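Before anything else, here is the set of structures, which you'll find just below.
There are two complexes below, and they share chain A, which is joined by chain B in the first and by chain C in the second.
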Partner chain A sequence: MDYSFDFAPVFQAWRLLAEGAWATTWISAISMAAGLVLGTILTAMRMAPVGVLRALAIGYIEIIRNTPFLVQVFFIFFGLPALGLRLDAMQAAILTMTLNCSAYIAEIVRSGVQSIRPGQIEAGKALGLPSFDVYRFIVFRPAIRAVYPSLCSQFILMMLNTSLVASISAQELTYAAQMIDNRTFRSFEVYFVLGAIYLALSQLFSLGLQLIGRSYFSYPTK
Partner chain B sequence: MIRTFGLPEIQFILEGAKWTILMSLAAFIFGGALGLLVALARTSAIRPLRVAAACYIQIFQGTPLLVQLFAVYFGLPLLGVNVELWLAVVTGLALHASGFLGEIWRGSIEAVPRGQTEAARALGLGYFARIRDVVLPQALRISLPATVGFMVNLVKGTAVAALLGLTEMTRSAQLMSNITFEPLKVYASVGLFYFIICLPLTLCSARLEKRLNAQG
Partner chain C sequence: MSAVAARIRPDQNPQAVTDHPAQATITMSAVNKWYGKMHVLRDIDLRVNKGEHLVLCGPSGSGKSTLIRCINALEEIQSGTIEVNGNVLGRKGAKVDHIRRDVGMVFQQFNLFPHLTVLQNCMLAPRRIHRATEAEARDKAMHFLEQVHIAEHGHKYPAQLSGGQQQRVAIARALCMGPQVMLFDEPTSALDPEMVKEVLDTMIGLADQGITMICVTHEMGFARAVAHRVIFMDRGEIIESAPPSEFFGAPKHERTRAFLGQILNH
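== the complex of A and B ==
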């Protein structure tokens, strides 16, 4: 083996990588928030007493969960313009990520909601809480609390998935790395550093989500 | 000349499906073998082994599959191993699978009641007999739903190989989309093909989970 490693050209382009990391962070954050909202709506549909709503939600969730993210990206970015919906790369990326993670979130939130005992809801109603408050404080919050760890790992998986939107030239971290690779031809070094940055990002995300969880769920349970 | 999206184009995509299925199987078999070692290391009594396995798992769960594949593809030649693209991709997928399966199986091994291991030790069984005859058979049953669920992820993961230029199902679809100019139909069809491959696995996983929960 007579290869000499040269990381200098990669580190010289740190600004590009930093911008990419920031883009990855904010598109992930937006998609997580939007995905949580959409996922909760899907959960409500999935558990609704109306058969049509349930079937729609199940169909949507299973289609998303059984097709690759990359195919979904291509379908939305290249396919939808034929139906008149033309999105730029970033919009298509965020839309796909939101739609994709909402299906996974719906399944996770549903298992959380199922862990709420009916007696809790009845007690809330008996105490005269408005039904919105019952759903907010007695169903939603404890349900999310129960499944928060799996929700967090789903969020991190989704953040890592954003690397695939580089393929439609959405300008995030992997896209930045590919540009550096094309300029310097230091492929291994580029992807090694890229891997390290993603590893750091996933640790940061995990820490940040834990902090959010700690503040949101720090209510007395007894 | 622009072609319409018809039977020959669908056949071309299905040719790609062959690669998707073969790669998934190979990655599962090799990744499974390696993943078992990772899980055993992660649950072993020797601390350095546990730490090493934890780092290994963290690396593969904390970086994108695309980056892992690129690193293997560009990294293998630096180690003096010149392999073809498909072999590099299968290697990358297998390593990826070993990290995830290692973590799944660690959980299952730890879910086997401690008393089982202690009883086996009290009966004078050595490490290998204990693992092979007492712990693993029980852990296997517990791990089945998650393992089958991960196979779905692996099948979907093979789509990433398209970005390295390997003509599996997604790349075949890209090519067909480029010559027919009908991306909507092409990507909807390829999505359907993935769905047909993955849905049985998903249903099987859900069923196994239900059965496991019923048995308690």
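== the complex of A and C ==
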């Protein structure tokens, strides 16, 4: 092996990498928040007494979870313009990530809701609270707490999945790395550093999610 | 249970019935309930007058918990009607939430909300339903928490309290909605023995204020002291209903005698 490593060209392009890392961070954060909201709505539909809502939610969840993420990205970016919905690469990326992770989140949140003792819901009803309030104020927080670790790994997985949106030229971290590679031909070094940055990002996200969890779920349990 | 036995019976207390002027009666007529093929309530007819204290007892599976859970629609009934405070349950479009606001319930497992402090547990429903301001809800919560002698723990979470303390909070939480009727579903069955008394004392204090109460319990000392009527249920039927002196002194039915023999001969 007579390859000589040269990381200098990669580090010279640090600006590009930093901008890419920042883009990855914020599109992930937005998609996580939106995915959690949409996922919770899907959970409510999935558990609704109305059959039509349940069927819609199940259909949606099954379709999303059984088709590749990359196909979903292409469908939204290249396919939807045929219907008149033209999104730029970033918008398409965020929309796909939100739709994609909401389906997984819905299943996680549902198992959280199912872990809540029926007595909690009965106590809320017995106070005269309408169903919506019972779920919003009584069930939601303990349910999320019960599944928070799974929720966090789903979030991290989604953040790593953002690398796939480079394929529609969304200008995030992997896209930035490809540009540097094209310019320098230092593929090993570029993707080695890229991997290291993703590793660091997931550690940071993990830490951030842990801190959020610690403040939101600080109540003691037996 | 000496404290229980020594107190004045509420029907001898002239103030008892006048504290709650609004009409509060429960009328159950020909109520039937099935769980699948199991007939858990059979033609229940029951009338509870305003200010009356009822104790329901019977072997497990006799339908006593189911009966009180029907009163606030936690269980559906298959036939018959239940009228609470003039609102009729069991008809289409019944205003279930309205009935539930008039009926407080205390559960065997307390069912406090673990993520809310004691105060927040008590403030949630008044804030959401009565649209009380933060301050109003807090004042009301503190008032009832003081009544159950637990106001100093207002900032704590349920998991930081003993079972007896949690159950007293649960009672205060129900009272914050200003119910006309209180339902107790075996409120002391999940408690360690040394905590039973504090909860019973709280319930006795409540009875003295003249609120309508229906208690499912096997605490016969409590029944003797507080109940106007004791009802014995077996296999989904009301077998016997009598004032405590009669119920314990001269039970009419063989099944009642057998049951009392089992729970009192220790």
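Just so it is clear, the second predicted complex is superposed on the first by the 212 of 222 C-alpha atoms of A that agree within 3 Å, B and C clash if a C-alpha of one lies under 4 Å from a C-alpha of the other, contacts with A are read in each partner's own complex, and residues count from 1 in each chain.
Here is the rule we go by: a residue touches a chain if its C-beta (ideal position, glycine included) is under 8 Å from a C-beta of that chain, and two chains touch if they have at least 3 such contacts.
Predicted, not measured: the structure shown is a model, and the values here were computed from it.
Set side by side, chain B and chain C differ in how many residues of chain A they touch, and the one touching more is B. By the touch criterion defined above, A:194 lies against chain B but remains apart from chain C after alignment on the C-alpha atoms of chain A.
When the shared chain is aligned, chain C comes close enough to touch A:119, but chain B does not. By the touch criterion stated above, A:78 is placed in contact with chain B alone, chain C being left untouched. When both complexes are overlaid on chain A, the residue A:87 reaches neither chain B nor chain C. By the document's definition of touching, of the two partners only chain C reaches A:130; chain B does not. When the shared chain is aligned, chain B comes close enough to touch A:65, but chain C does not. In the superposition on chain A, A:56 contacts neither chain B nor chain C.
In the superposition on chain A, no chain A position is in contact with chain B in one complex as well as with chain C in the other. For chain A in complex with chain C, the residues that touch the partner chain are 117, 119-120, 122-130, 133, 137-138, 141-142, 145, 217, 219-222. Across the interface of their complex, chain B is touched by residues 1, 3, 62-63, 65-72, 74-75, 78-80, 82-83, 156, 160-164, 166-167, 174, 187-188, 191-192, 194-195, 198-199, 202-203 of chain A. Touching chain A in their complex are the following residues of chain C: 72, 74, 97-98, 100-101, 103-105, 107, 109, 111-116, 124-125, 128-129, 157, 159-160, 170, 173-174, 177. Partner chain A is touched in their complex by these residues of chain B: 58-59, 61-68, 70-71, 74-75, 78-80, 152, 155-160, 162-163, 170, 173-174, 177, 182-184, 186-188, 190-191, 194-195, 198-199, 202.
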